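Below you'll find a set of structures to go through.
Look for chain A in each of the two complexes below; its partner is chain B in the first and chain C in the second.
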Partner chain A sequence: MSTIYIARNKDVAARKLGGEMMIMSGRDSTLFSLNQTATAIWQAADGVTPLADIVTGKLCAEFDVDPAVALRDAEELVAGLEEHGILKVSNAPIVDAQ
Partner chain B sequence: MIAATAQDVVVEIGSMPILVRTTSPEFVEILEKRYGVYVNPTAKPVFKFEVEIVSSASLSGAIDPDEDLSVRFEQGRWVLERGDFHAELDSDLRHGRIRQTAAPYAIDAAFRIVHSLILAKQGGLLVHSASVVRNGRAFLFAGVSGAGKTTISRLAPADATLLTDEISYIRREGDGYIAFGTPFSGELAQHGDKVRAPLAAVYLLRQGPENRIDPISEADAVRAVMESVLFFAHDTELVGHVFDSVCNLVQTVPVRRLTFVPDSRIWELIG
Partner chain C sequence: MTQLIREMSNTAQRLGVPLGVQLDLTYRCNERCVHCYLDHDDHGEMNTAEIKDLLDQMAEAGVFFLTLSGGEILMRRDFFEIAQHARSLMFCLKLKTNAVMIHKAEADRIKALAPESVQISVYSHRPEVHDAISKLPGSFKRSLAGARLLAERGVKVIFANVLMRNNFQDYTGVQELAAEFGAQYTVDPTITPMMDGDRSILNLGIGQTELQQVFRDPSLLGTSPEEFCDLPKGPLAEEDAMEMLPCSAGHTFCYISPYGDVYPCVQFPLPTGNLRTTKFIDIWKHSPQMNEVRSITVNDLPVCSTCSHNSGTCARCPGLAYMEGNMRGPSSLDCEKSYTRTGVVIAGMMAHPKAKPAAGLEQIHLASNENVVNFR
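This part shows the complex of A and B:
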């Protein structure tokens, strides 16, 4: 499987409230809440760190999860977040992410 | 032919005066009647509206105030459209033109939109809610239609002051928020008093078998308040401002779930 890079979409606003990351889509004003795993991925989505490295470096380090399972779950998660316009996903580094 | 003389009416809501310029004496009367104490000829306007009164036939589309409202930013200006009016606002939100019939509904909607756009950039909000002042403190009651906004306004004690039973107007000031009276009314069909007070609490209304106040998480508070915010423009930047404003509000002012039996004892819990 090719390397996946993820970046936060600039068209969304994000705030952490009471430990819960809330994301508002500027595109359609939809409000999302991210769970702990999704929040960790969102915060690490710098456009240049491969998703697999985020999973091993962040998720597996912070949560007690099997790396292979965690990567598969993370790929599903980022696909969903991409669908809602929250994350950008690419097979190459996303250089304008910051 | 003698050119019609333009007349100005300044309507001040939320300490934000908007000047309306029209050549229609009939429309001036309509404005003065509609906005009453909110008309303030001496206030210095922050926004100027030039109104062109037209016949319903000259507006495109059906004259239907319930037709879906469109607010969009295109070609460097805001465009507001509904069945009964067409308005364009400068990008800096200081000047606009509106074509409408000689009825108060269109300018009323345009006012709400202009205020919401200006407030969005200042950290303020229009909220679909009732608000009441008691003992110098303002309380805001948000909820879906039927949740009890008008009911709790009616139940307010005699020493309370109604700001609105329909659309609350709040602005950030210093470390807190100020609630203002508005002429935007719901079932009570009466203006709120033109007064201001620091916002002490936001209550999310729900009618139930007993009177009680329950805490809710900040995240749930944001979700609930966002559902009640009046915001018309699908503009990424402004949506971000509104979201930030709601988050700030929730972190500044207590937001609670208020379950109430529709009787006046609820005010013993509120303050």
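This part shows the complex of A and C:
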């Protein structure tokens, strides 16, 4: 499977509240609350770190999760967040993400 | 979504986080609306650097919902610099404007700010009625042109319709106009007193008969008139009243004037500190006035705690009560509204002290709530 890169969409509103990230998607005014693992992915979505590295470096280091399961869950989550315009997802590094 | 917002508010409340702030950037305005009492001169607005620093402080404090309002926000030449800074800090941005100064270039720049919504005041579907209220000839045409440019760009537009005697009959026309623009519609059926307690502008407001009509129009209520006007179910039991907080003012929300004064709410002119001398977070956390507002539960309200309307049919506004002289007292405007809504006599109508303005008030701008219908 090809490498996945993820970047935060600059158009969304986001703020951390009590360990969870609140995100408002400007596209449809939908409000999301990301749990702690999803928040960790969101915060690490710099456009240049591959998702697999985020999972091993962040999730598996900070939370007690199985790497293969974590990567599968992360891919699902990322697809959902992309659908709502919260994350940009690409097979190449996203250079204008910062 | 409502459930999620409720959970977020509870968490913010528990953690002492100011989840929402309305920041008025200026009181200057290009319109002179009949129900607006603002002194439109600039008496020392915060400058660009001060506001950007404030935005940094607010982001740090956890503010998520940020409403930029006025006066007219576009009267500030640095508006886009300020708003872009707010965007870079990832606030959920709401803008309130009369849209008169929005042309193609401004519409593009507003679109680029990705605001959650842009609320535009529309008083009537008839140009002459709207312009007579805004007192700016041609403003209806210009406001709608601005609204259209935003809507065409996919920006969420909300038409805010304040109801007064001279435009009451037009609200269905404004609703139709909103539908035509693909805009949302919000109505505010009540005029509230000036911040110095002066109640003279209340004469512009609609009467009981019209208010009854509003309370029985399903298109405005979001629920059935039967449910909305049902008999009150209170008073709350003592233990519930102990828990119940009057509203978000000072708990998860506050208001900031163009001069850096911080208040519990746009409609609650109790000065709690000034940003030119004190950091935002210090005012929020340590101002004695903020903490006093926070300490009040329904149980502490001598009249309202015994009122059958306190369990839902009345959302008493402590800011209005404060303007009448006692933040723990009833608000006569809310008593009248609850009476009109249910026909049931109210504790506050018998026990209400004669309205006396609170001393030493400073002018702040009054704006309608975010709800679809601002019935408080």
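One rule holds in what follows: the second predicted complex is superposed on the first by the 98 of 98 C-alpha atoms of A that agree within 3 Å, B and C clash if a C-alpha of one lies under 4 Å from a C-alpha of the other, contacts with A are read in each partner's own complex, and residues count from 1 in each chain.
Keep in mind that, in the parts below, a contact is a pair of C-beta atoms (placed from the backbone, for glycine too) under 8 Å apart; a residue touches a chain by one contact, two chains touch by 3 or more.
Quick caveat, the model's predicted, so the values are computed rather than measured.
Should the pairing of chain B and chain C on chain A count as a clash or a fit in the superposition?
These partners clash in the superposed model.
A:Leu31 contacts which: chain B (first), chain C (second), both, neither?
In the superposed model, A:Leu31 contacts both chain B and chain C.
Quick one: classify A:Glu83 as touching chain B (first), chain C (second), both or neither.
In the superposed model, A:Glu83 contacts neither chain B nor chain C.
Using the superposition on chain A described above, determine whether A:Asp53 touches chain B (first), chain C (second), both, or neither.
neither
Per the definitions at the top, what is the overlap between the chain A residues touching chain B and those touching chain C?
Comparing the two interfaces on chain A, one with chain B and one with chain C, the shared residues are 11-13, 15, 17-18, 22, 24, 26, 29, 31, 33.
Under the stated contact criterion, what part of chain C meets chain A in this complex?
That would be residues 1, 4-5, 7-8, 11-12, 14-15, 17, 19, 59, 62-64, 87, 90-93, 114-117, 156 of chain C.
Which residues of chain A touch chain C in their complex?
It is residues 10-18, 22, 24, 26, 29-33 of chain A that touch chain C.
So in the complex, the part of chain A that touches chain B is made up of which residues?
Chain A reaches chain B through residues 11-13, 15, 17-18, 20, 22, 24-29, 31, 33.
Within the complex, which stretch of chain B touches chain A?
Touching chain A from chain B are residues 217-219, 222-223, 226, 231, 234-237, 239-240, 243-244, 247, 250-251.
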